[in-house]
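The data blocks that follow each hold one structure.
There are two complexes below, and they share subunit A, which is joined by subunit B in the first and by subunit C in the second.
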Partner chain A sequence: MAVSETVAATPPAATPTPPAPSRRRRGRNAAYWLYLLPGAALFLLVIGAPLVGTLYLSLTKWSGIGDPRWVGLDNYQQLLHDDVFWASFRNTVWMLVAMVVVPTLLGLLLAAVLFDVIGRRFKPRTAAALRAAFYLPQVLPVVVAGIVWGWILRPDGAFNSLLDAVGLGALRHDWLGDPGTALPAVMAVMIWVQIGYPVVVFMAALQRVDPELYEAAEVDGANWLHRFRAITLPQIRPETFVVALTCTIAALKVFGPIFALTRGGPDNATNVPSYFAYYTFFKKLQVGYGSAISMVLTLIIVVVAGIFIWMQARSERRDRGF
Partner chain B sequence: MAVTLTPTSAPVTPARPVRDRHHRGVSRWVVLALVTVGALVMLVPFAFMLLNAFKSPGDYSSGGPLSWPTEFYTKGLRTYWTEVNFPLKFWNSAVIAGSVAVLGVAVSLLNAYALGIGRVRGRLWIVGLFLLANMLPQEALIYPLYYVAKQVGLYNTQLSVIIIFTVIQSAFGTYLLASVMGTFPRSLLEAAALDGAGKWTVLWRVVFPNLRPTLAVLLIFFFIWTWNEFLIPLVMLIDNQTQTIPVALASLQGDRLMDAPTTNAGALISLVPAILFFLIFQRTLARGITAGAEK
Partner chain C sequence: MQRFRRLVAAIALAATATTTVAACGGGDNGDNSDAKVLKLWHYESENSAMGIGWNRAIEIFKSEHPGVEVRFERKAFEQIQQNAGMIINSSEGPDIMEYNKGNATAGLLSSQGLLADLSSEADKRGWAGKLSPSLQTTARYSDKGVMGSGKWFGVPNYGEYVTVYYNKDLFQQNGVKVPTTMAEMTAAMDTFVGKGVTPLGMAGAEYPAGQLFYQLALSKGDRQFVDNYQLYKNPVDFKADPLKYGADTFAQWVQKGYVAKNSASLKAEDMGTAFIGGKVPMIVSGSWWYGRFKTEMKANWDTFLFPGNTLQAGSSGNLWVVPENSKAKSLAYDFIDITLRPEIQDLIGNNGGVPVAADASKISDPKDRKLIEDFNTVSKSDGLAFYPDWPVPGYYDVLVSGFQGLINGSKSPDQVLDTIAKPYADGVKEITGK
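Right, the complex of A and B next:
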């Protein structure tokens, strides 16, 4: 998920409009298509064709054996009345809270504090070590994180022992096994997994900000909160967009942690569209229905990404045009 | 929110900086203490993992997860190592992630050369298409890929996973590199063209050396992302001979073999390569990020 460390550092620059292509120039450019050929062929093979295939299968009933039977929009109609489907999307909203809202806000605050207070008033090494601690969970494979947390939250796991040790034994609980606490427990794990990503990206972004801005503000008597709002937030807005977008997509698609922690249970309390689709494909062998779930999820992701990119373009235009 | 506090607005004479309360005396220590506590909380699960990886099952059931091990027990580690055949799983993961990293960067470079420097027609749409491919949920591709892989005999082979992730990762790489190459100094390209260099020569002699830091970062990201991938390897690689570390670990879950110490030992071993890789390359990452920023 460290995607935007690079994205942040190299924001897609506004490409200068190329000179009007003369005929000769256009002829020269045509030769560049050759370089696109291998990539385009692979793209069609692995992304284009399978996507069309899933769209087609979503309009059929099929168990994976024999021939698919065309049923039109039946699968989609059935989805509208499927409680599990709606539950999975309600859980996605909670995953957005745990993977986008909380990490972005907390990450912003942490990065600003690490950079502005700890980085400047203590040794840079201190800030770097703290940043590394927050980033560490991002390094471990998310399935491994899920397995370790699954054990920690078990009835005989470390968390309950910890409660005992501090005298809160009355709170002992089967955190992942009880439908009432499973979702909050999964959310807590996801915050732990995600938090390091915005911290690292925002700290890299802050290095880009001209220190004179802060110095001048300090001379003018602006306190830390003023500076945070007037300088930090506007200056790192591009990175904020990238973090929010990539985390939102990750939250909509989340699969590995759910598979490792709860497999959607208990009683669908932690089911998400991605796991629901996987289960429908490979456990229930309802390929058409699984395809319909995947297509709805795809549509939502495309629309959400489109809205983000449109908002980002609009905010950039506003900045340029005053 | 406009930034009114530009450096020029106040002629900065080297006046004594006005320290606000957050930076004075005690409060900065309070901030440091709070952030440190937060960082320690982040590390607690790793401490649990370490503590319990070296406990015997008997020790675990009598002392619980928080007790100090009474003996330095390594059988959990060894059980995991041999039962899972960790060296083989490690090799599988390394082959897949390594191939994808190299091939993915190569494909990204070729694509981005046509889009960022060649500026072929409709490049914005093409870049958008690649970006979209990276965002798609893998569920939208998986069944046709699974079905076709079975038909052509690529099911349960690492080649299938390598091909799929080369495309998925290079979709992101194309997006990133195309925007980097969009700002590539034209004068360099024109100078090379005047010297009679063809497109292929320009790519390898001019563009490639200049982008090396960014390509190194991409290589590392592709490696780590592929190493950690789960859904597609889970579906495509079903037997012990082909599986990657995350898939092998997850399939063991619920198995009677996996008592608590073995679970922790397995997680610990699985974590080591990722941490080592991160430590070895974090300098490259930092360098590459700044190199990219200067472009």
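Right, the complex of A and C next:
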């Protein structure tokens, strides 16, 4: 009863309600929007306008010259029945394996080994040098890398010569010319290209993990694998999301290596949506149809990116316990 | 705010002024003999046969048009290929330009009214008389932009054709005679295979495979077939000869080892360098290699026409076109006329090119002379059959993909013919509406 009285006696003015924003502060907040204007204008110019333009063209039939003819959703209907379009998306699944799954897993393992084993047993400089070596393919222009790999994999190229030199000449093959081996060969090249990126990001992530966690785990008798699963993986989860998201987007829109290595061949064995869109747009002069392919690809990338960001936000909320 | 309004007004004024100036330009038919500037664009390298010939043509033009400035700009092939529509639709384009022949390029622009009709000039200046009917095919386009008939929208002044390049030294070392019939050709290739040498260089990832297939098909074809296939005069049956013969024979040549099974991923450059390096005794490819072999190849070499064929893959070279927006059409026509003169034609021929109207006796190098005589033989007998990828846009990649399958053995000839038949039919329907 006394408590109630005390509460009732509390003057209303003491209740910690947030102060109502004054007109002056609202005005100051509104001023911040001015700083967003250049970015927003640039976004509209560089992303918004071309996107709307592409959407419009995807609803037309146009050869690139003259006036586009409105055809509504015809291009999208045609896409649904286009075998090459579906084949290109099947190949994208393999590109996701080569550019996301394998590099992320392998990158995680390599980063952990470089940081935890090489970094400790040798000088940190050794780990840094190896990290730079893994990252080197990322520095090369992808078309240059594609051309060089094309030389390596050609029938009289370095790879077949290497097979000869080690007594495996019977395995000599036209790696990029056979539909059965062209996609795996391109995938191998893409793994080589991609691997350095997750290694560098994960090694940076590992540097911010509190060493005391590892020391405590070691004292408790945890071996390397235990520590990796219980400490490393959960601690670097945000970076894992970033790597997976950026690599997934890169895999969905991959173009340069396909253009340089195989031009989507042989027999569409390595065709991917972005190359298919380019081919339809510029070679077949079907600008409307090419735009429809681009729009579908854009939509998929936006949805996938949205799912990743939502998963990341959910994971962060769970970590914070609300 | 006041300042913002002034800015908007200034932009609006500038836009209006630009539009007005452009509108004034649009009203001019451009046939202005008083023009003092000729803007000329082409994409030949300076030391190529055409580049040398046209440089001389510019000199002659200047001497014959004192007071006229020639603003020449060398462009990249891809630059023109991908942007020509936008360029010549603007007031910033040239008065005369080298442009790609064919339905998807010059034909497309002509159907949109972007190119000047050169028909009366062709008659008046005698261009029609200098170009054989098969060379005229790429110069004339119908209202729908289909080559072969209709008005003149371009003028070629050089030609190109597919021939057989052979390494004389390798032929001699292996006791092989230069074949003149298909039977002799296969016998020659058998001899090379017997000695462990792959007789024909190939590049499945680019045009050579499609061109070999077409050459083989042409051995069973006639002008009617070419007109049907290239000009859509009648439907084409891909499961019948000559195309069936072409695919079947190509597959046999791979099986017999005339063509390497592991050449599916090679590019034309690989094939060319293999020939230059003496690794293959023969290649079937275009006259565009000629100048390069002449400068780079150490072994003795020569050419012979694909044995037994009366029709050969080949055509005019690219075209001079005059944009409808040109402000100096008369000067542009004068320039075209100069490039067709014997002096320029001989100059092209003496530098390893294939002129369309040259006097072969004026060509000093016997090998150059033979190249031109062979072209003249084909051209005069209406033997130019164009190229297999011409009929529809994007067909080049379709053919490459199909014949890669035949080289690596992943497809039968029947499957390849199915693969290339549908895009052809779809493309023809797109163009003709039938």
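In the analysis below, the second predicted complex is superposed on the first by the 300 of 322 C-alpha atoms of A that agree within 3 Å, B and C clash if a C-alpha of one lies under 4 Å from a C-alpha of the other, contacts with A are read in each partner's own complex, and residues count from 1 in each chain.
Here is the rule we go by: a contact is a pair of C-beta atoms (placed from the backbone, for glycine too) under 8 Å apart; a residue touches a chain by one contact, two chains touch by 3 or more.
Because the structure is a prediction, the values reported are computed rather than measured.
Please tell me which partner, subunit B or subunit C, touches more residues of subunit A.
Higher number of touched subunit A residues: B.
Looking at A:Phe282, would you say it contacts subunit B, subunit C, both, or neither? Reply first, second, both or neither.
In the superposition, A:Phe282 touches subunit B and subunit C alike.
With both complexes superposed on chain A, which partner does A:Arg229 reach: first (subunit B), second (subunit C), both or neither?
Once the two structures are laid over each other on A, A:Arg229 reaches subunit B alone.
Please work out whether A:Gly167 is in contact with subunit B alone, subunit C alone, both, or neither, and reply first, second, both or neither.
neither
For A:Gly72 in the superposed arrangement: first (subunit B), second (subunit C), both or neither?
A:Gly72: touches no partner chain.
By the touch definition at the top of the document, which applies to A:Pro179: first (subunit B), second (subunit C), both, or neither?
Only subunit C is touched by A:Pro179; subunit B is not.
Considering only touches as defined above, state whether A:Gly64 meets subunit B (first), subunit C (second), both or neither.
both
Looking at A:Asn268 after the superposition, I want to know if it touches subunit B, subunit C, both of them or none. Which is it: first, second, both, neither?
second
Shared contact residues on subunit A for subunit B and subunit C?
Dual-contact residues (subunit A): 64, 150, 282.
Please output the residues of subunit C touching subunit A within their complex, sorted ascending.
82, 85, 89, 104, 108-109, 112, 114, 204-205, 260-266, 270, 393-394, 396-397, 400-402, 404-405, 407-408, 410-411, 419, 427
Where on subunit A does subunit C make contact in their complex?
So the residues of subunit A in touch with subunit C come to 63-66, 150, 153-155, 172-180, 182, 262-268, 279-280, 282-286.
Could you please specify the touching residues of subunit B with respect to subunit A in the complex?
Residues 1-7, 9-10, 12, 15, 17-23, 28, 31-32, 35-36, 38-40, 42-43, 45-46, 48-49, 52, 64-66, 107-108, 110-111, 113-115, 117-121, 126, 129-130, 132-133, 135-145, 147-148, 163-164, 166-168, 170-172, 174, 176, 179-180, 182-183, 199, 203, 214, 217-218, 221, 224, 227-228, 230-231, 234-235, 245-247, 249-250, 253, 260, 263-264, 266-267, 270-271, 274-275, 278, 285, 288-290, 292-293, 295 of subunit B touch subunit A in their complex.
Quick check: in the complex, which residue numbers of subunit A touch subunit B?
2-3, 5-7, 9-13, 15, 18, 29-36, 38-39, 42-43, 45-47, 49-51, 53-54, 57, 64, 110, 113-114, 117-118, 121-122, 126, 130, 133-134, 136-137, 139-145, 147-152, 156-158, 161-162, 165, 192, 195-196, 204, 208, 210, 212-213, 215-224, 229-231, 233-235, 249, 252-253, 255-256, 259-260, 273-274, 277-278, 281-282, 287, 290-291, 293-295, 297-298, 301-302, 305
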